[in-house]
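Across the two complexes that follow, chain A remains constant while its partner is chain B and subsequently chain C.
Take a look at the complex of A and B:
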């Protein structure tokens, strides 16, 4: 009897051992690698999903060449339409034979037209859903977002992969979904996002073979896109936000006609806000270390006085870049994308409460001082002509 | 005494650690953030005295009646009728509390990890598992806690270390932007958790090294406070003002980890930590409910009550809230208005202690007669 019960119990355990209730097999999934959001003329949302195609990659030895001459594509595109993102996804689901998996959607491209109408409400989906990741990169596309997704990059397997790599290279602006949320929640709701553009195809190339690249940055206020800043200004904004990691600075000293190029090794920015009665002051402290990578001038950089002169040139160059940025951001656009408000809040919480209300008027009046310490550590070998 | 087993004071401390922290580690940062903003890490420090107080009062009561749990000495202190009434109140509070905990467990697992699995399966399996452990008795629970704690703590540390590359300390600034009030309000919310330390009164009589009971109880409160402070600091360093977007910020933090592109999606580690801890927590309260009921009914053994009680709690846990709005309403009430844990963890013991003190010191002879 006892044995019979034991056997019964063991067999009952088998019922539970069949596996998880919520199992999902990889070959039943449509793995989304990138998403593009557009708004069409009727005001509907068009969600273009870039879906990893299992047949396209890793198919034996020929895998690497697939993307080139009309081989099997490693990704497929599918469009869903609807008045909201969930509806568009449902529409997409109707067209897809497989279940959608969001957790690998690491590039989100939003079209300019979409962004001009406001993105904060729509982003709610990506935040609330347990699958999409906070580390997904967000971009604004100059034209239609789905056209970007339709490109076939030659180096990477898919556009989203290429975009992710571009963002990670940190040459220009990058923003993850988390950064975007943080900027939205910030004191001002001022946001900068990288914009992507596509190169016009070169002769003999198919239109889809051109590449997408990060070019300029989009400025959004309260979730609505209000303007665009160019690459130089974007770099200035990166300086202010202490996010600069990659930069090549070229100076042209007055005494020498030719140019010297330097590569940024390290750049660090500290914003020191001061409130003195009614006037607001911000001191921008920058420490930067650069290496010389090209010297076309006749300067012998092994000499201390020339190196000092070069450092001076570097300081002036950076200061110029920053004042240009301020002219655009602070005086023209009047939008605090360089994080001044946050710094005032963090350093002077009591006084900040008084000026918080009319920060929009106050921001252009903030006086900015620079304190730049630039050092050139290595002059490189190079030829001394 | 019904319980034949004995646990060490250290094991008791570990049991209490899990009983408080298992759910807290996930939900506390978000709940406290709603009121305390970037000062959430101050709130546990401000709320911890309540935990120390609960432990101290339970210890004092235990000094008066070293061999009894609260069910028995409430009779000695208040007389049979009122003692039983108080015991009934206590049991009702504990049973509701336990059912809500089971519901919370089921709800979280379903909403975050297994959306298509029926909740009855998830709650039911946990009830059965806990029933096994509780049936094993107090010694088994003590050993379990001792076994789970190192794993819990190690994985907790792993997560903290892996999150570090992404933190930014300035998200914590300005400290006390709006004075002390927000963090005090946060501390008030935390009282619900710290008051639960009161249930230590069910374990103190079963200690092998009784004189260390107070020490390890206090130590447990201290470690819980520290863990909460560390969790809250990490969450605020990582997420800043975005914290309010997450139900369980610590879980989202583990999701956010991405090292060298391949070490990512570590939420399963947190889930493992959390399930192990929650299992201990549920066992502790389950045990308390079972042994409390057995003592209340003057039974000679509590083991026969384990399964019926589990059934009752399981059914209650599945039916307790119909939707998340109802649950939210409940949690708002218990954490702001009628704080049930404060009643059973602190108010009832304080009341008993005052009455006992009066009887022992002012009417000395009377006590001797009733005893």
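Take a look at the complex of A and C:
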């Protein structure tokens, strides 16, 4: 019995003396849902945090550049400035009455100006600090990043949520912080990130009621932004990287003067590298299955010859898309964002060591062959007129 | 020193009581002398009736019984009427007369005062004759007893609706009606200095371990208290580990549960005066089984069992997990859920731990109130309860919406455990784990769980490890612990209690069209 009492006393001491020192009540937390990084004219970093406002009563609170047009809002914005991200956060902390929780910052928007100066050193904070998630999505904004954060999307509760859903819909590029790190570590340090544009507000709309959307992709080399590719090229890049999930292909056969649209069901890409002495060759093998979703032509797709012709058109269309991509990426930008280097390393690790050093010169010389197998699975119902 | 003195003092008292109680052992042949002693024993007992009469008009005799415990009508018709009938032959021996004319089935010859008292106390009238050292106890006991009803504590959808009652004889008869084999043995002993409560030890010969029966018998005989009013008295005095909150015997009101345990080689202890019988040894997993499991399809029963295990964990851990996550591990909650949690917690003035304790204690209080309440005011409590654990509490800004949900789910979860005596410790242990969660977060929850697991694995119920068949692992017995295998697969008895008669049925009884009979 005495032993039991002793154990009880010790146990109570454990519990009472520690006194919950790590305790963080949610009432004392500022939950950051999204971050925007800008550089202002003085070269300072401006970190705009989108903070969840409990109870949706954030009007006026927080101050700063709080854009609150239009009723109850669930988030507030707060800006911290400093010469580095930690300093900016410290500055932000001073302005906030609550402790910052980074765990739910799932969208990181970096402005173009910021990205052009290099992001790898600054993003180190998000990777090294234990709270931010490696699964948060990274975006590049065309204009100022904080302007994106100031938008009030009509469908989602906050901009970050809208951005996350945009990325997850996989229509175009998406990249998490983890992907970004992988790409930075990769052979080339070549990075593609989704680029957010702001739709210009329609008539009668307030500027903040406009929406953000992903239409282009930003290309970064060694952490510095060097260019932009449009949606078609981005899709081509996705084809090369075997990441294509959503695509609508519209073909216009020569014989028929109208169009046929097809929806991608499945697309798979295999890159087969070959090293033959000094010349490098890459065969791009693509297998894709599509459904017809619209047929404006007079073709009767139930006939096998027309279906074959359509499949041929599809192959040509994809090949054109890929050749365009290659022209831009390989010939103009000369940056390996399509993962050729990685494939060479995997298949020919010993030879790769020799060509690795001058890959930048070698990459534009890689000869690319296509081997595309496209099938149209369902022609769909509908009249054959 | 102090303790030793106290013990000595107690011993003295015991001796004194025994001295006082000394009564002459054998009956005398003098009826008057016997009666004097009995009258002295039962002085100021207004319920004891002494009736003197003449057998066949010549031999003095005395009928003694306790009012309300004996069947007076039968005494009149079958004892007094035939015996008092005057006989022409004067020489007839009263003893042979009793043998010839007494139309009572159970007549026991008694020759000591102790036996007299024993027989009287159970309601059997005593017949004493002049000039005879032997009396007769007539089996005419009859007292008011409750009819066999459906057990209210263990309801089933499918299964027998009869339950044990307060009367020992009824309870043993219920067992005997299910097990007709003479191998069902019933050992009876009396416990309690004043109550002299009858306790029956039921087991099936050649099926239950003899050492187990011997052990239980020994433990029962060790009991020396003034009275036994319920099987709980005995449970506390014979269990292996007296400090643990976990039950080491299974309590049931249902004869079918008792019989199925008997068939597994367990022992059933029936206590007179309570419908709750004790089944020993028991294991942690058998406390999750309901008799109904075996009456339904095995897939359904298996799913139900897993549901119970799941809800047991919920009942034990859900408030703690909520407290730990909301105060320490906000990053573990999906963003959208966290944001709504934060929104509803914003106006709550207390830390999450205090909030949880407040609600859980209120809920426990509400349940306790509902349990003891007269039926007439029951409705009032449910109305108030719905207010306390409900939207009103949220509107008052005392708790958050999510806490109400947590408490409600926890409350439901604790009711899914089929044995009430297991639900109690789980309800109780929820609170220390909640404190641990509030101070150490999930680490604390794990510490608490590990402590409970360690404790459970040290327990034994009458020598059987409490966590068997999981620890120690016995694959063969898993079929009735983690799942409920179909009956045609349950060929063997549980290893630790049924090892002496391993096979309970013929093998290969799976119904199949090849087996004929179509």
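Following the convention adopted for this analysis, the second predicted complex is superposed on the first by the 353 of 385 C-alpha atoms of A that agree within 3 Å, B and C clash if a C-alpha of one lies under 4 Å from a C-alpha of the other, contacts with A are read in each partner's own complex, and residues count from 1 in each chain.
The rule we apply is simple: contacts are C-beta pairs under 8 Å (C-beta built on N, C-alpha and C of every residue); 3 or more make two chains touch, one makes a residue touch a chain.
Only a predicted model underlies this, so the values are computations on that prediction, with no experimental measurement involved.
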| item | value |
| --- | --- |
| Touching partner for A:200 - first (chain B), second (chain C), both, neither | neither |
| Chain B versus chain C as contact partner of A:278, first or second or both or neither | neither |
| Which of chain B and chain C A:349 touches, first, second, both or neither | first |
| A:103 touches, of chain B and chain C: first, second, both or neither? | both |
| Greater residue coverage of chain A in the superposed arrangement, chain B or chain C | C |
| Shared chain A contacts, counted only where both chain B and chain C touch the same residue | 20, 22, 103, 133 |
| For the chain B and chain A complex, residues of the former touching the latter | 111-118, 121, 170, 173-174, 177, 239-242, 245, 252, 255-256, 258, 265 |
| Interfacial residue positions of chain A with respect to chain B in the complex | 20-22, 103, 127, 130, 133-135, 178, 181-182, 185-186, 345-347, 349 |
| Contact set on chain A toward chain C in their complex | 4, 15, 18-20, 22-27, 29, 31, 33, 52, 54-56, 74, 101, 103-104, 106, 131, 133, 157 |
| Chain A-facing residues of chain C, complex | 243, 326-328, 330-331, 335, 338-339, 341-343, 345-348, 351-353, 435-436, 438-441 |
